[in-house]
Amino acid sequence: MILTDSLLDFFLETRKHSEDICSPLETEDYVVQPVVDVSPPKWHLGHTTWFFEEFILKPHASDYTEFNEDFSFVFNSYYETVGKRVVRSDRGNLSRPSVKKVYEYREYVTEGIKGFFQESQSKELNALLEIGIHHEKQHQELLLTDIKFILGNNPLLPVYSKAFQDHPVETHQQDWISVEAGIYEIGHTAEDFCYDNELGRHKVYLQSYEISNRLVTNGEYLEFINDSGYGRFDLWHAEGWDWVNQNQVSAPLYWHEVEGEWYHYTAQGLQKIDSNAPVTHISYFEAFAYAQWKGLRLPTEFEWEAAQAFFPWGKRWEWTESAYLPYPNYKKADGALGEYNGKFMVNQKVLRGGSVATPAKHTRHTYRNFFHPQLRWQFTGIRLAK
Amino acid sequence: MILTDSLLDFFLETRKHSEDICSPLETEDYVVQPVVDVSPPKWHLGHTTWFFEEFILKPHASDYTEFNEDFSFVFNSYYETVGKRVVRSDRGNLSRPSVKKVYEYREYVTEGIKGFFQESQSKELNALLEIGIHHEKQHQELLLTDIKFILGNNPLLPVYSKAFQDHPVETHQQDWISVEAGIYEIGHTAEDFCYDNELGRHKVYLQSYEISNRLVTNGEYLEFINDSGYGRFDLWHAEGWDWVNQNQVSAPLYWHEVEGEWYHYTAQGLQKIDSNAPVTHISYFEAFAYAQWKGLRLPTEFEWEAAQAFFPWGKRWEWTESAYLPYPNYKKADGALGEYNGKFMVNQKVLRGGSVATPAKHTRHTYRNFFHPQLRWQFTGIRLAK
Amino acid sequence: MILTDSLLDFFLETRKHSEDICSPLETEDYVVQPVVDVSPPKWHLGHTTWFFEEFILKPHASDYTEFNEDFSFVFNSYYETVGKRVVRSDRGNLSRPSVKKVYEYREYVTEGIKGFFQESQSKELNALLEIGIHHEKQHQELLLTDIKFILGNNPLLPVYSKAFQDHPVETHQQDWISVEAGIYEIGHTAEDFCYDNELGRHKVYLQSYEISNRLVTNGEYLEFINDSGYGRFDLWHAEGWDWVNQNQVSAPLYWHEVEGEWYHYTAQGLQKIDSNAPVTHISYFEAFAYAQWKGLRLPTEFEWEAAQAFFPWGKRWEWTESAYLPYPNYKKADGALGEYNGKFMVNQKVLRGGSVATPAKHTRHTYRNFFHPQLRWQFTGIRLAK
Amino acid sequence: MILTDSLLDFFLETRKHSEDICSPLETEDYVVQPVVDVSPPKWHLGHTTWFFEEFILKPHASDYTEFNEDFSFVFNSYYETVGKRVVRSDRGNLSRPSVKKVYEYREYVTEGIKGFFQESQSKELNALLEIGIHHEKQHQELLLTDIKFILGNNPLLPVYSKAFQDHPVETHQQDWISVEAGIYEIGHTAEDFCYDNELGRHKVYLQSYEISNRLVTNGEYLEFINDSGYGRFDLWHAEGWDWVNQNQVSAPLYWHEVEGEWYHYTAQGLQKIDSNAPVTHISYFEAFAYAQWKGLRLPTEFEWEAAQAFFPWGKRWEWTESAYLPYPNYKKADGALGEYNGKFMVNQKVLRGGSVATPAKHTRHTYRNFFHPQLRWQFTGIRLAK
């Protein structure tokens, strides 16, 4: 168990980091929701606050006064246990509470938690606080990618921050790492925090395989585009092919062709594609089609985990071939927190790794991220296997 | 022709009034678009400005420098002649340009017009300026009703302004005005401004009829509700009945039943229904069904115009039985301004009168407003005929 | 009042005609519903039968035994008064009752009516029978146009009947008929049958106008196509322009361009366009855009009725500029038959005339047909006015 | 390699069986498509025929004359390699070719294959014939379940066949089969036919588990219903819960509550539920929710295959927890036949076993069936594990 003092520091530092992410924004940027998957930044700021209020202060801090009883309705995301909520697609229709009011709410709850934990300590409470912190960290990543979408979808293409480089180049040569067939252990063991979907360390048998030590680059992906990769049905899943055609997809998200030259919108504004940077903002469908085109395949999440110590990772979430399913002996938590992971274990693909948007101390080699196969607004990437 | 001086005063006063309407807003309120028909206030402020820039300054002021060339794309509403534009349903997805930038744009163009007209005068230019002013006045009404929707749709139900009473009570007794059969003249004749759809004064033959001197009140409408008016298919058009059932409509927009008592959201916040105030925020479908239930009918727009001198009007736009169609000899203007009215003359109903949201000098007894029959966010009302 | 004998003959002849229309069909053709507006032929045969059973035999023939109590659910069209029904879009999902069973049902009810009227006579009953006959005649027109759609939408383009010429050529020269301004009487007066929407003969004032003595031909319409009529937004209503683009419309329904030559599907199979035949299968949106392109307009239904004695008509239903609205003093009938017309009086356009698909004795110069402005599967046409 | 003679017998017997399945139908039953997943029986009869024509006769039989060149367009299902096709949702809109013509087509192609194979033999051709036979067998199962849907969705609830018992009762006691942890071999090895998705026999490591020797019964499932299983969000996946609410699901497909008693539509008509028969026509979402409610889980497809020798199976396709993914070293075939399986390997769940609708010689313990998680019209079932 982490001692309360350092846990409180961790809490305060996490709270501050969310606000730092938003510091380059105009007030208006906090409000909009251009597509259903992208939530308004002020919603993220409010929702992560509500989580601490709802699961810690309201049930456990006896003298706590709720900041505003309507906020539970406004800032609940999907917890059916906790009652009614604004439907997800309506988040961008709410001008109130104002951004100023949301920051007041944040401060009120941050102070409330601080005061409460200075007086109360228990293993159970600390565990709740820890999950609240990790929950906020998870939203920090979404906050950044949602902000990128809000700005990158705007015809004025405003810069987010000149200081944030979201296209780091990898310089090492491509190579294949060989892994022998055999039984491997998968899942979390250490003492530190993890989500319930990583638990239940267990054995899997892997056939021998090879996995790339490097991500696919923009330059390599461009060859796929230039070879009509988006026009050859035989490379795609049937659902992927429908997705390409219905949405007229012909390049990664944020790519723009300007007078025969490829540019992409980055946190630093519109820039020329760097062919040595790893390709990103591609869907699972595109990752799969690319691998088909190369005559290769994506690794499973187990292959990834068994080999991860032998290659650098953490700049791109990497699509795997694995569907998001429970590990053997998966047990979901009781009550509202049991809704955290288990109920999403259908029709989603697992991603492994982490990304330039992932906050510090928020990824580990057993972490299982998951998204629907058509989504692209995260910093996704492609690692090949054979 | 109005002299340039007073026209410029009219212009400046109109520009200021749009900003006065927005003065009670938080920055966030300027941004959202909860349903497709409701545009963000900052869009109205920008669009009315773009209209002056696009149709006067850019083509006529030789040394004019465009404020920002992307704004044409952002603030064009539906003018196909003028080029591509943000699709209507995406207006609420744009956080930029910021509210501050839109106000700068307004000031830049207002000053531009002022400087230009102080030096240039012509019948043609004045006519363009006049249509620009009336265009902005038309948007002022939408601005107010869109703001009401943005706030009234928010679960926090914020007050817009305690000073704005949008539910004035009419105190005179209900009575019937009899009009004899015969030929009546319809359409605009005076020298002052009107839209092209009012022109072509012409004769119509009216059968004898009676028209109410008063609007239907909340109290009267409540009897319809209590008599299961929303549950009796025989009172409704087939499309109206589908609309009621698909949207589960059971009362006017903004009405809330709280513990057996009816309240409605007003510009002053949530209030008890006043049974003597005229009912509002009802669709044509509801107005028609109400009239059916009373064994009466709605007047045509010609009956309304022929009788209007004999009753007070101007607080509620009044649904008529007339479809929105061209008058005999209707001619639409050339170029982009020809898109103002004519292309909407199908599948809409005519409303006559004006409303508490209509700005001063913006209505007259020949004015033809028009909306699709299911829309309710305007201050609509019901006047009966027989 | 028509004597019972001749009315019964009229009934029997009408019943037979419906079956004659279907005689060229394969069993399978009776079953499908390729779009929601096109009902399966067996549904028409059953529904027109149900009408006699439901409104005459069940309530008035004391010893009548219902053929099958489930048929009321299957064959009711839109009569809310009469109870639940198969939703319109599901008619093509029902393989049972079989075609054979529907013909048995027809014979059972035809015999039932015959027996009943041989013994019972009254003004009221005869009026019911007469409306049932005209109801079936109305469906005969739909039956033919629905069959045309079912076959013309099939990739094998089967012939309906070599004997049915649905593209008669008009040979007289185009000329303009001038009508003076003044008061005209509109609506039905004669003793013979009409629908409630034609009643209430009343005066209208018409401005002076001219109306064409001939319909627009395929050859004339082709000039509009060749002059990019489908590509010029300024010719279209806003809703028409959306319709053109969403459906990628570029020619009338059933037209096919084959190696640079225009063909159309007719009841006799695929044929070359005859440039002298009147254009047909165009929507109101297309009729309006064509008139705009010519610098002319469509007549109102009142202009049409006042002038109709001076030109031939009856091969094409002619779109008018009038919206479908009640005449002054319109009264809908009590009970289920009151649902016949009145509840459709919103968002539809009036058509006047008749068509090659209209059965004998089923049209007259006061007849008001009505459809939504985008529909094309009827034999619609264009007559210009100015 | 199977000798040509017995293979031809197998072919002829399979062709006949498809027609036997359809023998109780009325002509009209062959035509309709009540939902997109359910194809018209005549389409199945034509499509299975087209498969032999397209992949064997046209490319390999040098003197073969195509029956009708339009049929390729009408009867192709999803093979992009082979050209354009009628979109799936339009299959029920085609009345032609008639049923009679489809049977002529069948006979023509059956005779064509017979004549061709009597003269030509090769390993490659026999393999093509074999896949065509298994393809038809696969469609025989769909044919039966589509027919059940067509009839069971009709308000008249017609009987398919009194001879076909689709609700066989299992009489053995429920018990748990224990399987030890260890490495198991999965996938096809025998010489006989299998699909490409079963190949690549490989090792998996399984944790120790227990699996039920019996399927869940109607009686057991009724307890779940009575315990508000359809109303408790905590038992469902998030997507499952949306599915339940959007479709207002409250019982398995075909169940009807009549005066407090549960009935279901069967091939023999409407019958009372037998509480000892295995529950069927449930989605994966329902299977999962049921298991959650019991505090148990569904087996993976590997657990199922490793244990299947110890329990009876074959009456219900059994939902597994496994997503449909390629086995290690999966290779899809070249050309059009490569579209058979691989392109569906996303967003679907694996089912194991077989059903009362599965034709003889068409299932084996390595067979992998797959459907989207919401589908219910197959004879699906639930086997629990822990």
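As written, the chain order gives the labels A, B, C and D, with residue 1 at the start of each chain.
One rule holds for everything that comes next: a contact is a pair of C-beta atoms (placed from the backbone, for glycine too) under 8 Å apart; a residue touches a chain by one contact, two chains touch by 3 or more.
Given the structure is predicted, the values throughout are model-derived calculations rather than measurements.
*Asks:* Which chains are in contact with both chain A and chain D?
*Replies:* Per touch definition, common to chain A and chain D: zero chains.
*Asks:* Based on mean C-alpha positions, I'd like to know which chain lies farthest from chain D.
*Replies:* The most remote chain is B.
*Asks:* Can you compute the centre-to-centre distance for chain C and chain D, using the mean CA position of each chain? Integer Å is fine.
*Replies:* Inter-chain centre distance comes to 45 Å.
*Asks:* Averaged over CA atoms, how far is the centre of chain B from the centre of chain C? Could you give it in whole Å?
*Replies:* 37
*Asks:* Return the distance between the CA-based centres of chain A and chain C, expressed in whole Å.
*Replies:* Once rounded, the distance between the two centres reads 58 Å.
*Asks:* Which residues of chain A are in contact with two or more other chains?
*Replies:* Residues: none.
*Asks:* Select the category (line, ring, star, complete, other) that matches the graph of chains linked by touching.
*Replies:* Topology of touching chains reads as a ring, each chain with two neighbours.
*Asks:* For each chain, which other chains does it touch, given as pairs?
*Replies:* Every touching chain pair, ordered by label, is A-B, A-D, B-C, C-D.
*Asks:* Show which residues of chain A lie in contact with chain B when the two form their complex.
*Replies:* 26-34, 42, 70, 73-74, 86, 90, 92-99, 150-151, 153-156, 158
*Asks:* Which residues of chain A touch chain D in their complex?
*Replies:* Interface residues on the chain A side: 78, 80-81, 181, 183, 202-205, 207, 209, 233-234, 236-241, 284-285, 288, 321-323, 325-326, 328-329, 338-339, 343-347, 349, 373.
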